[in-house]
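Take a look at these structures.
Below are two complexes that have subunit A in common, paired first with subunit B and then with subunit C.
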Partner chain A sequence: MAEHNHSLKPYVMVLFALFGLTALTVGVAYVDFGHPWSDVVALAIALVKASLVVAFFMHVKGSTSMVKISVASSIVGVLIFFMIILTDYMARGFS
Partner chain B sequence: MSDAASAHHPKDLAHHFESYEQQKQSSLLGMWAFLAQEVMFFSGLFVCYVVYRGMYPEAWALGSQELDWKLGALNTVVLLISSFTMVYAVVGAQRGNRKMIVWGLILTILFGGIFLGVKVVEYSGKWEHHLVPGPHFEWHGDPAAGKEVEMFFGLYFVMTGMHALHMVVGIGIMLVMIPLAWRGKWTKNNYNFVEGFGLYWHFVDLVWIFLFPFLYLLALAGGGGGH
Partner chain C sequence: MSMPPSNMSPSAEAASSQAGTTRSGLAEAARPPREHYLNAGYGIKSWLLTTDHKRIGILYLLSVTFFFAIGGLYATAIRLELLTPQGDLFQPDTYNRVFTMHGVMMIFFFLIPSIPAVMGNFLLPLMIGAKDVAFPKLNLASWYMYMIGAGFTMWSLMHGGVDTGWTFYTPFSSTYSNTYTTATALGIFINGFSSIFTGVNFIVTIHRMRAPGLTWFRLPLFVWAHYATSLIQVLATPVLAITLVLLFLERAFRIGFFDPAIGGDPVLFQHLFWFYSHPAVYIMILPSLGVISEIIAAFTRKAIFGYKFVAFASIAIAVFGFLVWGHHMFVSGESAYSALVFSVLTMLIAVPSAVKVFNWMATIYRGSIEYSTPMFYALGFMGLFVIGGLTGLMLGTLGIDVHLHDTYFVVAHFHYIMVGGAVMGYMGALHFWWPKITGRLYSGFFSHLSALLVFLGFNLTFFPQFVLGYMGMPRRYHVYPEEFQVLHVLSTAGASILAVGYAIPLFYFLYSLKYGAYAGRNPWGAVGLEWQTTSPPPLHNFHEMPVVDFEAYEYKEAPVAERQPYRVVKYGL
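Moving on to the complex of A and B:
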């Protein structure tokens, strides 16, 4: 684990994975999956990229449960926020 | 305080902490609480984006066509590299290697500066094309969509502007950190400030990871084509 031997190698691998996913998100933007699937694909790739940054660059992988609970709370907070507002707007057809 | 007591209390361990580990975990919890607040702040902007895009999907596609995805992709790569150079500084701190910290910070400032330079080029292009919301805004496409495209650009400038402001603040903090790191302020046992700042910088990267596809890549599948 990076925390113990302070190696740069895993970070280099994560960086190249992030480059690859950036190329992928541009590539799939040229494909018309139709509404709403294009957004779903773009969001899915962004979530994978974000997870890599959070897990490795931000050291959440291998962190204490206190840090993990803090991160999870942030994510749940965002989900509640989006769900309440979008339930309202989607039910009214964004009018 | 007796000499014995001060001998048991190293300089890089604050007096109210019992151990380096306790000090580190306190620092991390504080930083993650701050980031939770940052997440809420940017969530507000993203919710606003989603609601207005739901209302004006055509205008969002038209607005997105005016953005150059190549510059957005370039900046994505530049920012990802800057996250790596930040990690390089943190690994340097873990190893107690102050040269690595200093070089990591210098490179992070450099790549952050490139990102902001590209942003200046983009913003000035939008100004020249009258795409900055306000009295200067002009829309030469479908006149019915003008106000709605202006809304897209309002959100574009607020979201990327708040993101860029975070980077400017980060670069300012790093400029202060470099001489401190060089003088050996941070030790193997206490590099908590470097670690915490790294978390902030990666958070800024995270925001861009979501901004890039949802601002720049909306209208590519339809064949695109700007002005």
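Moving on to the complex of A and C:
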């Protein structure tokens, strides 16, 4: 396994970035972007936060490419899962 | 399966009539190793706190056998009740609990762990030339999770069980059922972790602990099959866990996920449940496919035809297996568009399965076949798996499914896959590797007999159920019109033969532990690293680190007569 950087600094920075993004999430909830866009903005911020956690707290950044491939493929798996279920709901309107 | 009239008899005769000479000859031919994993430590602690993958495999063997027996008792109760058109033994409510507990016990506590946790645990490190799995303590933890999960389920069983069916469909399970749904679901939730632990362990072990020279394409197909299985265990089981948590939240706190009365959607439950439970079918069948490849290569003395195709077929089945779950929901309110897509994908997944079967047939073709007991199971498997698979395609066809959904046709189909496929593979594996696990040989005569009884009993039990289902007999009913009785009687008669077939091995396996002849390293003359070490293997599997400079299945195609002396010494008794 690759040696991890045990300096605390990057973790503290990520922590404060997460606090900042949480505040931003609350902030944009008061702004009306119009129907789909409010959701899009909120989800985009959440995606950035999740990526920070995965990259730094879960040490995927700096790991072997095998680890990165595993993470990427599980994300693709989850997307397929949601996509197929949501397609069913959407397609119930067809006739 | 066509029975060879004369080819098989020499080994059976040698086993039965020349018992005395064979045994004394064996004692000279093979002696047990002085040190092995079974005498490496004694006492209850040396078992309950062991981190040896072989002992953990044995712990799993004992526990899955126990839960198989419990599931079997429920099956017996079902078949007895269905002997007559009236409800004789049970009230309708009781009958619901009986078939539910049969399904829960067999699927979650027998079929899912059977081959991976018993045979996989024991064999995987041996096959890749490793001392143990990558995370031995996690491996032990997996058995404890299994037992704790089983404990909760047994508790609910003893307090009256569950009546939802093993599928826990909502809103019945979340709102209306008055049985111990929560305790059972909790048991299955905890048991899921044991499955995940095993999967993680196997993936890391296969990636990182292969012996020098053992490249991916030199791996036995058993290992490829377990790699594919582990991917499913790791990726699908968490979805079952979260589904059961949602079920619990709705049942306990009335949060509306699934019950339309409180704003939920019942079809969502089916999506989530089958996203796990269809791939779970492949957790049960893929390891079996791996076992069959090993057995067929060993008893035809040939390399598996199209090795890479068979290896990648396992991966393809694992991947496609995630995309077909909607075929369980064609008549449950799923959109017609989704049903169409799922139907097409279901047809596609038959391709890699068929690749395997055709390649086995090509392997057997012109092989020098030996009708040993494991080979009986392998040949039986092929026939039953094809029937189970093709009837699965019938059910995957939209129009036919409307007619056959929730009938005995479905019951027959999945028993052909799970019992005719997965359990036949498990029995084949037990018989193939028993000499490696225990260092002893079992009775040739009785094991052939039990394999035949299992095959005949199985077909007599489940073939009539195809006809019943086609005629319209619904599943999960215990009272039925009189014209169905003949077929139900046939089925029950078959079940009693099947039960005898399953009971006999219990006796000759136990008998072999004390009285069986010593097996030696390699009683079948098979290739593979596990056969190069002593039987039973030493604590750390190999006395020196194996180096692999040969391809998988490098069998010399020797004519049957030249394959001495293991042919003579093969069976004790």
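Rule of thumb we're sticking to: the second predicted complex is superposed on the first by the 85 of 95 C-alpha atoms of A that agree within 3 Å, B and C clash if a C-alpha of one lies under 4 Å from a C-alpha of the other, contacts with A are read in each partner's own complex, and residues count from 1 in each chain.
Basically, a residue touches a chain if its C-beta (ideal position, glycine included) is under 8 Å from a C-beta of that chain, and two chains touch if they have at least 3 such contacts.
Model, not experiment: these values are computed from the prediction.
When both complexes are overlaid on chain A, the residue A:Phe94 reaches subunit B and subunit C alike. In the superposition on chain A, A:Met13 contacts neither subunit B nor subunit C. After overlaying the two complexes on the shared chain, residue contacts for A:Met58 are found with subunit B alone; subunit C is out of touch. Of the two partner chains, subunit B is the only one touched by A:Val71; subunit C is not. More residues of subunit A lie in touch with B than with the remaining chain of the pair subunit B and subunit C. In the superposition on chain A, A:Ile85 makes contact with both subunit B and subunit C. Residue contacts after overlaying the shared chain place A:Ala46 against subunit B, while subunit C stays out of touching range.
In the superposition on chain A, the residues of subunit A contacted by subunit B and by subunit C overlap at 66, 74, 77, 81, 85, 89-90, 94-95.
Taken together, the subunit A residues at the contact with subunit C in this complex read 66, 74, 77, 80-81, 84-85, 87-92, 94-95.
Subunit C meets subunit A in the complex at residues 207, 235, 239, 267-268, 271, 275, 322-323, 326, 333-338, 341.
On subunit A, the positions that touch subunit B within their shared complex are 2, 6-8, 11-12, 15, 18-19, 22, 25-26, 29-33, 35, 38, 42-43, 45-46, 49-50, 53-54, 57-59, 63-64, 66-67, 70-71, 73-74, 77-78, 81-82, 85-86, 89-90, 94-95.
Within the complex formed with subunit A, the residues of subunit B that make contact are 25, 28-29, 32-33, 35-36, 39-40, 43, 46-47, 50-51, 54-55, 57, 69, 73, 76-77, 80-81, 83-84, 86-88, 91, 94-95, 195, 198-199, 202-203, 205-206, 209-210, 212-214, 217, 220-222.
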